[in-house]
Structure formats: C-alpha cells, structure tokens
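Have a look at this one.
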Amino acid sequence: MQVNKYRPLIVAFCCNWCSYAGADLAGNNRLNYPADVKIIRVPCSCRVNPSFVLRAFQRGADGVIICGCHPGDCHYTSGNYYTRRRMALLFSMLDYLGIERERTRLEWVSAAEGAKFAATMNDFAEQVAALGENKRLEDLRCKR
Amino acid sequence: MKVSYFPGCTLKNKAKDLDVYARKCAEILGVTLEEIENWQCCGGVFTSKDEVATKLSSLRALRYAQDRSQPLVSVCSACHNVLKQTNYLMQNDQAFANKANLYMTSNESCDPYDGTTAVYHYLELLRDVVGFDKIAEKVTNPLTGRKIAPYYGCLLLRPNSVMQMDDPENPTIFEDFIRALGAEPVVYSMRNECCGGYVTMEDPDFSKSKSNAVVNNAVSFGAECVVTACPLCKYNLDKNTHTIPVVYFTELLAEALGIKEDCDNA
Amino acid sequence: MQRIGVFVCWCGSNIAGTVDVQAVSDALRNEPGVVFSTNYQYMCSQAGQDIIIQAVKEHNLTGIVVCSCSPRMHEATFRKTAAAAGLNPYMVEIANIREQCSWVHKDMASGTEKAIILGKAAVAKVNLNAPLTPGETPVTKRALVIGGGIAGIQTALDIADAGFPVDIVEKNPTIGGKMAQLDKTFPTLDCAACILTPKMVDVAQNDNIRIFSYSEVEDIKGFVGNFDVKIRKKARFVKEDICTGCGLCTEKCPVRKVPNEFNLGMDNRRAIYIPFAQAVPKVATIDPDACNMLKSGKCGVCSKVCTAGAIDYKQQDEILDEKYGAIVVATGFNPISMDKFDEYAYNQSKDVITSLEFERLTNAAGPTQGKLLRPSDLKHPHTIVFVQCVGSRCASCAEKGKEYCSKICCMYTAKHAMLIRDKYPDTEVYVFYIDVRTPGKNFDEFYRRAVEEYGVKYIKGMVGKVVPEGDKLKVQASDLIAGKQLHIDADLVVLAAAIEPDKSARPLATMLTASMDTNDFFTEAHPKLRPVESPTAGVFLSGACQGPKDIPETVSQASAAAAKVIGLLVKDKLTGNPCVASANEMMCNGCSTCERVCPYGAITYIDKEFRMPDRTVATRRVAQVNPAVCQGCGACTVACMSGAMDLRGFMSSQIIAEVDAICK
Amino acid sequence: MQKINRDVLIDRAISLLNSGQVSSVLGWRQGEFFYDVTPAVFTDENDIRENFVWNDFCGANFSKYLVSKTKASDGKILVFLKPCDTYSFNQLLTEHRFDREKVYVIGIPCEGMVDTGKLKAQVGDGLVSAQSTEEGLLVTTLYSDEPVNVDIKSVLAERCINCKSKKHVAYDELLGDEGQIEDSDRFDEVARIEAMSPDERFAFWQGELSRCIRCNACRDVCPACTCEKCVFDNPVSGVENKAPVNSFEEKMFHIIRAFHVAGRCTDCGECSRVCPQNIPLHLLNRKFIKDINGFYGEYQAGECVGSRAPLVDYNLEDLEASDVFEGRDTQ
Amino acid sequence: MHNDNRKIADEIILRSGVNPRKCMKCGKCTATCPAFDRMEYHPHQFVYMVETGDIEPLLESKSLYTCLSCFACVDRCPRGVEPAKLVEGVRNAVIRQQGKNHMTADDVPGKLDSDLPQQAIVSAFRKYTK
C-alpha cells in the first residue's frame, strides 16, 4: 500500500447559477469526490479570465477545470458561449506549448446535475493525478 | 451536359421502352446519358446497413461517376432508391464507408469513393438541371386536355430523410412535370401508397388489391391515364387493373417532345 | 488594512462531523487581516448571529468571513447580520465548508485541511472587498402589453385596476385574439364570446388603458423601469376617432371576395371590414391589398357612403415613441401548418379541417351560422373523425411537427365531440388518440362524459392515411386495443393541429433581449419559482407565448404577470444589484469590445475630456456601464484587453487572491 | 528592389504638404545605421528631400503611431502604408483608436523587406551600405574589399516570404500597382510544431522563450498593443507583479500577450522583427489565427473595419473545448 | 431461453440501428401499413416485441415476408422509430441462419409470368435470402 500517495491540487471555477449549484447538490446528496478539488465561485463562466487559469497553474495547481451552464442555459444567455471559445483557444495554445492537455477541462454542469458534478470531479482528479505534478506550467518562460 | 447513366437490369429487358425514351429525350434536352461501363444490378432493394456486399454494385457506379465528375442518373425508381441510399450511407456513416471502400479497393485498383457524387433521378434531372420551364419550351406536341395521374409509389419519396426529392406527403415534382408537357395533373391521395411491390411474386392477390385501390382512387379524381417511373409499379398496376392505361413518364415526355414514333421505331 | 472576523459554523454535526472546526478557526486566526476567529454550533441561529454582531462591535471588524453552508443558502442571512452590526453587507464572504467540503469528503484530516484552505481563500477575498451600494433608477409608471388576446386583456385590466396606465399593442384591427374565434369553452361549455366580449368592452372603457390596434412594436431600447418603445400604427385608412362602426361601408364595398381571416378563410369579407360584430375598437379597416381605390384609384364607394367622413385614403403609418416601466409579452399562439401532414389530405379536401376551423364552423357567428355543415358541399356530415396529436409529440429526428405536447387538444376535442353528439345525435364521432391527457379541474370528468353520456367513440390508435374518394374521406387507422386496422368512410375529418408561438415572437425576443427556447416559446426566469418573468428584468410573460396553455391557465398567468408589473410600478425607484461592472476611465481604450459581448446593452460610450499631467485637455472615448441594466456576468471584464473593466464583488484582484490562497 | 521609386513618394508628400492638405508626414528616416530605418514625422519640405528613406529596409508598420500622432496633431497626417500595414490600420479603426478623418493614407506596393539578421548572418557584421539592384543587394562591409552580391530572396523577412497580402485594404490614394491577396504558406511552421510530440514542443518553446530578456520591444511595437495603460504596467490588472520573487508576469508574459491580441492580431510580424533575441513570437500569434480559422471559420483581422472579432462572437454550434484536439494525435 | 431472446433482440437492435425505446405507442405505423391484412404481427408489435425481448414469435412469423418495404411507417412515425428497418432486422436474423432462406431459385419458375420485371425477382431474392 502506498502511503504518501501524490495528491494533485485542482482549482475549479464554477458559475454561480448552474455549476456551483450543481456542486451544492452533489453535497446535498453526499456524493463523494476528492478534497483536492477547490471551488472558486464566479457569477458566470465568462468571468473566468484565461489569466486566472494561468495564474493557478503558475502558483502550483496541477489541474484547472471551468464549469458553466450548458449551452443555451446560461443565466446571462450568452456567457458560456464566450467561455467556450476562449477556453478552446487557450487549451489548444497550452497544448501547442507542450503542456499536457489533460490538465485543463471545460465542463457544462447544470444545477440539477449533482451526480455529474461529482463524477466529473472524480474523473478529472484521477486524470490529473495520473499525470503527476505540474512542472511545465509553473514557468512558461521555461528558464532552465 | 454529360451524366453517368445507370440503366439497371429491368430497363435492359422488360422495360426497354422506358430506357429508349429516356435517352432520346435527354438528347433533345441537351443532356447526354453516358452509360456506365460494366454496371451491375443494383439488387432492386436497399437492405440493412450491416451488409456491405449488397452495396458494392451501387458503390462502383458512384465511384465511376466520381471519376468523371459527373452526376449519376437513373430512370428506374428502384435503382435510384438503392443508389441514393447507398450514397447517403457513404456520406453519413464513416464506419460503413471505410469498410465498403476497403472491400472495393482491395479487389480493384481504384481510388476509394469519397461521397461527392450527386445522385439524380431522371425526374430530378429534368426539374433541377434542365428545368421544367425549358422542357415546356421544347414541347412540340403538348398533351393539352389530358388528365394524367402521376403515381409516385414508395421508392421515389421514401425514406424522405435520404431521398429528399420532394415532400413525401405532398409531392409536386410529377405534377409539375405533367404540367410542363401541357397536360393536366390529377392530384389524388393514393399517389404515394404502395402497389404491392415484389410481394406480388408470392401473393398476387394482395398486390391486386393494393393496385386496384391506387387506380380506383385516381379514376375517382378523373384520371384518364396513370404515369409511373418504376417497372414494378407499372407491372402491378397494368396486370391488375384494366380501367385506364398505365405508362412510363418517359413515354409521355417523348410524346410531348414529338419523338415517340422515332423511339418506337428504333 | 481590513480587520476581519472569522466565524466557523459546526452546523450541528453536519460540518463538525468531518471538519475539525476548532482547528479551522485556529488556523484562520493567523491569516493576514484576521483579528478575531471563533466557532459556534449554529452560526445562522439568532445566537450565532449575535456572536457576529458582538464581535464586530468589540473588535471593530471591517470584514466578515463565515465558514458555513453554501452562500446560496445563507449569504443573504449573514449580509443582513452585517448590516445589523453596522457593516456594509457586501463586506461578508462565505467559505462553503458544508456542501462543498464536509458533505462530500469522508476523511476528517483532508476535510479539515480543505476547509482551512477554503477559509483562507475567503479571507484573501475579503481583504480586497470594498463596501458596495446598489444604484437607484427611477421607474416610468406605465406598462406596455404586447398582444391583445385574452392574456393581454386580462393583464392590462389588472394593471389598470391597480391604478397604473397601460397600453395594449395588437397587430390585428381588433383585440380578442384566438379566444374571440372560439365557440364554447371547456369544461363548462359556456360560450367564449359571452365571457370574452364584456372584458373587451371593459378594456375599451377603462380610462387607464389605451389600445393601439393594427399596430406593431418596432423597436425597444432601455431597461427595467425605463423602456423606450417605438410603435408603428399601421394605416387603416379610416380615422379611428371618427368612425362609428356603423358598418355601412362594409356592406357597400364592391370587393366581396377577400378571404375572411377571422373565419380562417372559410368565407369572404369585403376590402373594408370590421373583423366581427363585437370588435374593439369597433372601427373599419381597409385592406390595402384588396381595395380598388388604394390599388388603382378607382372606386371610393366607402368614402361616399360614410356619413361621418371617416375614410382617409391618404392615411400614413404613424410612429409613436412611448416610455414604459414594464413590458408584458402576450403574443400567443397559432396552429401549425398542415402541409407536412398531407397523409391526412388537408391540402386535398376541403372536408379535412383543423380544430380551430371547426370552432368557426360550429360558431353561430361563423360561416355556416353555427350549423354543422361540411365545407365542400354544405351537407350535414354523419361520420366525423377527430385525429389527435397532429404535429404534437413528434421527435425532432422525424423532421416534422413539434416535440412538445400542445396541451389543449385533448380537452377541446372532447368538447367538439360532445357538442356534435349533443346537437346531432345521428352523427357517429370517432376520436383517435395516443393518450388522453386531462389534468385539470373537472377535466377528466368532462372527457368521461363525452364517452359515457354522449357515446363518443374513443379509439386508442392513430390515423395513418385519409383518402378522399367520391364524397367520402376514407380513413385508415389503427385500433391498438382491438388489434385491428380500421377503415372508416368519414364525411369530415378534424385535425388537432399542434400549436406554436406566433411568428412575431422571435423578432420581439431579439428586441427585448429576452431568451427563447428552441421552439420559440419565451423562457421564464425560473421554471418553478419565477414562471411569469423573463430573465430580462422588467419583461413579463403572459399566456401561450411562454408555453401551451388553456384559457384558465392563461388568465391565471396573465393576472400573475400583472401582479409582478404592479409590484414593479409601485416602486418609485429600483435598487439594483451592486455587483456590476464598471470601467476605469483612465485605462479604457474606448475600443467597443466590451459593448459587443454585453448581452444586455448595458455599455455605452461617451467622449470625455481628461486633464492630462501637462495640463492640456484630451478628449477620449470611454465606456460607461449602466448599473441598472448590467446584470454582472463579467463577460466584458475578460473581453477588455486593457483591464479597464472590472466587476464589483468579483474583481480580478479578488479572484486572483482566492487562486493564490488556494494554491499557496 | 522596391517597384515604386522614392521620388514618387517624396513628390506626392511634398505636394500634399505644400497644398496644406496635410500638416505632417509619417515616413521613414535613417537611424544610426543605414539599415536601421526608423519611423519619423516630417513637416518640412527640405527635410523630406534629404532624409525621407524608402528602400528594402523600411519594414516598420506605421499604423500604431497614428494613435498617438493623431492625438498630438490638429492637422491631417499623411501616412504611407504597405499592404500588410493597412490591416493593422483597419483593426485600429475597428477599435476606435484614432480618428480616420485626421489621416490621409497613401497605399504603396511592397516587394518584401530585408531581415537584417539574415543579412548579417550571410555577409558578416560591419555593414556599411546596401545598394538595391535588379537581382538583389550589393552589400559592402567594413571587412570586405569587394561589395558582395546577395540574393534578395535569401534575406527577406519571414513575414515577407510568407506574405499574406499584397492588396491594400484601406487607403485614400494608391501609388503604383495594386496587388492581390496571396496564397501564403504562413501556417506551415505552426503545423510543423503541432506535429511534434508534446515533449518536443515543450523543448522547442523552452529553447525560444528562455532567451527572452523582457525588453518589451514586442509589446511596444505591436499595433494591437495600444492600450492606454498596458495590463503589465497596471497593478490592479491581476497580471502585473514586478517584485520578481515568483513573478507571474515574467513567466506568463508571452502567452498572456498572445491571448490579449488573439483575434485582433493581423499577423504583421512586427513582434518577431524587433525581437533582439530573435524569438519567433509570430508563431504564437499565428497559432491562434490558425485555430480561429479552423474552429470558427476564416477570419482575417483588419480585413474590414467593424468586423466582429472571433473572441467577442459565438455560434450556438461552436465546437466544444474538449473537441479542439479531435483528429489530432493523442499524446 | 429468455436470455437468448434478449441477446437476439439486442443484436437486431444493434444491426438495424433502430431504437425501439423511442416508440410512444401511437400505432401510426400500423395505421398506415398497407400489408396489415397479411400480417400476424403488425409494425407496432414488432417494435414492442423487440423492445421487450419477446422475439421468438416474431422469428417464426410469416409477417416477416409480407412487409412491402414501402417505408410509409418510417416516414409517418412521429418519433422517428423506423419500424420497417426493424422488420428487416428480424427477417435478417432468420434468413441468415443456415437453411432458413425464405425463397430458393427452384421456387422462382413457378412464380414467373411473362411480364414480371427482373426487378421483382432480384428484390425478392435480396429480401428473402441471405
């Protein structure tokens, strides 16, 4: 048995109206997911500036996940559509720089999807844990 | 304009006239039907998509047209239905397309079929490429005063998601065609109901009742003649009903264009 | 530097069972800015709140962190507590250590560790919090109701009765809508006109209500409390204020064969017409597409016969600019086109009709004066087949019809069937159904009466094909319970066509920036708790524009929408959400990027003069956020490349502080 | 060899200046060395005659200067724009960064500009002069007796080899012949990097970005970087932190900058041109452009004024972020 | 036995690409079916019986060979279930077994008449034999 198993640090940005409520529902239903996941509440996924994602990585996060309302369900009607474009381009760029693409994720979780929230976090935490510690994104200028 | 032409086995045999009229009329309308070399029978019906082998003859015809950058045209409703459904599968089911192309290219030195061939029924060719208005201009012997009931049957229209020829419940292509020839189309409800199809072999009485229902409905709307694009429909209607004549649409076209006699003598 | 108090809640054992609350309050005591930290069994209880108030006073706290349940649960509670203690309510942050910690993690060690981190993040954020005050905007005390059907009428009457002025914009020449076309209403069978027309008269006579009939909304600007609306009053070529509605012109007009839309084209009207006897306003309208005078200048009969001199062939469309505090959408529904369902031969036979056409056919004011005669030969039909669910409940992959249940068809079909059997007992009536849906007061009883007392033949199954032949309609259908295919020679077939939102709804939604679902029904702010409000503030929903509804439901929603409007209009000022965006003018490039992403049109630009360090004055284009319109999504903050745009309550620096605290 | 002659430019500039139609001229002036051509404002006829430069070293894109120059000047400014410069010009107009009425644009054709780094690599240091000839450049250096003939193609800047357009998208008047939008191979290099393994990609960028000395030249020259106050100089932006203990700003500078200009970058290539460390910064911007084209349809920033940039637009059917790697090799 | 039936049904669902769960039991397929009189099990029953795994009676039914493949049920189904494809799926499950061809070459001469188009013969062969 491994005692000091590596635990990743995961930052989850959740929109207030859907995903944060989905996370609350996961709690109400006592659906477990790793304590490695730390949630930051934002009004809408479109409030998440790509620089927040980079900031988290640079400060030592091993994975960053952004959760928003499903397309068409945004409380602000269109916020998640902007998020989708921003994150698609950011993730693609990180991949281009040689960063493991499994460290980032954008997921749509509704207020009714407590189970999906827990399942997503379990899956993502496992995926990030499998990669090990984030080294590359701590310094994108990559000073050797 | 040149198109790849898939005549199909019945048109080489029991329905020769359907073929002859189609070719001669096409010439007048500025379309050359280039018969596909070594075409193989389409199989008459399109069967389950888990079968690859039964789609290969259609696939070869589609690729033949692709090689020549031509649309693929057929006159027989059944051939058209099989070609169009195969094409749809090649365009929309990647797994099937890969498998089918593998079959085809492993035995023949050819490129895989890429799904780009446009498949037209001769009627669609007339509507979308030639244009019914242009046909109307070329009519020398307008069929004025004739009340003609188009019989679509099943194969031209269904399944609609694939065939996309016309509204499956409220089609107009045949009616517009008849109008272009100067005749009066008879719109009747049974025009898209089944004649009994190939089940006629096992159960002739059954197809008799189906065919009768179609023709009787047409007659009740005042039809003097029924036109069809399918040899099997023609057979069933002809054999089982004797009230009004049943003819191929190409025959009417030839008549209106004034070349029916030439064709009959050919 | 803030002076922060940390309050860790046990929530009984809900939190304390998996989180060492003492360890959490001890750990957070050492965070920057924290001057006080404690824990208590139920922080939300009065005793718990008293602890907070006490601590604020004793320790001169400027900020509060509560480690407790979700902010969605008690953020409002603790903000009130802060206010009670004399703090700005927005100096409170919640660390969610219940739903997002103790309830989802089983292990005390990791739960405690995470709770501490979440607490640190909240502390880091509060360190950057600033007091926020909601903005105030005045309210224009007038409402606009778009659509003059029973929904719009009821909403307008209720608003007007509360003392507020209200305008109805109706695109047709008269108000009344679909209900005016109906014969009887289920489940009571009272006549629609008898209950509707008095309400129409009430509208006309109410001093607080103005009717803009034959008018359409052309443009909407502004926001809750302050809408600017452009209304196009179409030229009806009749002076509304002079016309007495005597109807002489409509008798003398020589153009007789214009399909009468009120009777769904089943008879004709004149080129100058009054839709029906009880129309409101009861004034004539000239149909410019049919009128000889307007088309060719030759006629003028109506002008000659009008003793009041109301005819004005030169009348032009008029554009009105009006201001409103609230807008109610009541645009209603229409039956869908039957073109794609021609297996039922709607386009082939006059004797295949829709249920709405049937309403006119049985209405005493309809084309047959209420006698049940079939359209083709005006003979009495002896066998009538009703087909339910035509175009309702269709899967999207079937590529025709609508996915939803149209809701009203089961009941009106039972009504039609019952009325036929009542008046003409010699008539056979078949109803083909998939399910009979009768959830409503006295609804199932009504349907059972149709079956049991009136002998309507309900058959579980669908019609597959209708073939007109001779003077019969050959109906081929399934009877699933008997396991049979039925062949019925019918005289009349009635299709229960699915209903869909009126076509005017989509462009209207765009003007209102109100959201719609994929079927073009307006979306409600919350499907359960805010069913009559649009997510767009100040826009309310009434009737079938929000989803299929029968009359009682429509009227209830109409009154509910009115109540919401009244609740808005009684306020002199609106207080907004203070967590809105604002642009730092010194950094703003004036590039318009934020304006492009704002879903509410909350951002405008002004040219502003700035005094430069060298004492010169420079004019720059800068963004301005209207705090009454901004909903605080934050899309603009990310779109802004200069970082001038920030969101109060969720500032970039605050979120980054949380990130840093978590990742430390 | 530029197809249009310096005299044509000068004559037109002087006539506009003298007629009072413009009050100043934004053009090129020689810097410390002949190859070091810098942007300059001319207001005097004689100054233009003597010092206005137009040759194969006039790479600088003037669009950005209009932001400050139009503010500082009451009169109209004449500016000479090469085809690729006009895209930046339009992009700045889209973002309301200057008043179009205060600018008079003369579009001039461009045959591509020399990359001085490449030239030095070929003939060595100590460049003294370069004479444009039909075939290329006749270059003299301090250390060579004979002038060296250099094939112009071998020393053209990368952005000119992969020129995206020789057509002007904005001008008041054109001198010389108008060109066409080119069929460029500018994304080939991006595709080559994409085809690498993640480790190779990381190593590649580590090799490039670790040379950065944070001189800010790329930002300062970039026509998309005209913010009133740059986020990297703004303490409340969340990305600035100058105290370099664990500097987020330093480490994420290039990706943040690339994201800031994503969808707005016209691919003018100025960032790479001015980088003293020769970091191929344009490959970051081009990656965004390539992705945008692939994900959301072809979009060329600056092609027309007022177009909606892809990052402030959306489509209900846009691909999901998880689908961006679809069809690409998995790691 | 029950398990076998389920397996066969699942195989038919997989191969035909038809999802019988989409059915809302309205009976429009059966209402529209021109071959109703010749069928023991009707289109909606095919869908229901495959859905529930009650497959044996279907495998033995002559209804398999009376479907005209007219596709009216496919186009008129409000839920996009495609019953005709399911009928074909069941038929294929039968005729693909050894010795289960519904028609052989020997049967053909007896069914011919001088006008019968080739199309009918090849179609019947495609439908009735493996």
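Odds and ends about this structure:
Labels for the chains are A, B, C, D and E, by order of writing; each one numbers its residues from 1.
The definition used in the following text is that a residue touches a chain if its C-beta (ideal position, glycine included) is under 8 Å from a C-beta of that chain, and two chains touch if they have at least 3 such contacts.
Predicted, not measured: the structure shown is a model, and the values here were computed from it.
Counting hops only between chains that touch, chain A reaches chain E in a minimum of 2.
Under the contact definition, chain C and chain E share the contacting chains B. The chain pair A-D and the chain pair B-C differ in C-beta contact count, and the higher one is A-D.
Chain C has the Cα centre that lies closest to the mean of all protein Cα atoms in view.
Centroids of chain B and chain C (each the mean of its C-alpha atoms) stand 49 Å apart. Per-chain Cα centroids separate chain A from chain B by 56 Å.
Once the centre of each chain is set as its mean CA position, chain B and chain E turn out to be 25 Å apart. Computed from the mean C-alpha positions, the centre of chain C lies at a distance of 51 Å from the centre of chain D.
For chain D, the set of residues that touch two or more other chains comprises 238-239, 311-313. Shown for chain C are the residues in touch with two or more other chains, namely 343, 399, 465, 597, 639, 652, 655-656.
Across the assembly, chain A contributes 49-50, 52, 55, 59, 72, 78, 82, 86 as residues in contact with two or more other chains.
Applying the touch definition to every pair of chains gives A-C, A-D, B-C, B-E, C-D, C-E.
Chain B contributes residues 160-161, 167, 169-170, 187-190, 193, 216-217, 220 to its touches with chain C in the complex. Of all the residues in chain C, the ones that touch chain E in their complex are 343, 389, 393-399, 401, 434, 460-465, 476-478, 480, 483, 485.
If you check the complex, the residues on chain C that touch chain B are 339-343, 345, 347-348, 399, 465-470.
Residues 49-52, 54-55, 58-59, 71-72, 78, 81-82, 84-102, 105-106, 136, 138-144 of chain A are the ones that touch chain D when the two sit in their complex.
By the touch rule above, chain A contacts chain C in their complex via residues 9, 11, 16, 20-21, 23-28, 30-35, 38-44, 46-50, 52, 55-56, 59-61, 72, 75-79, 82, 86, 118.
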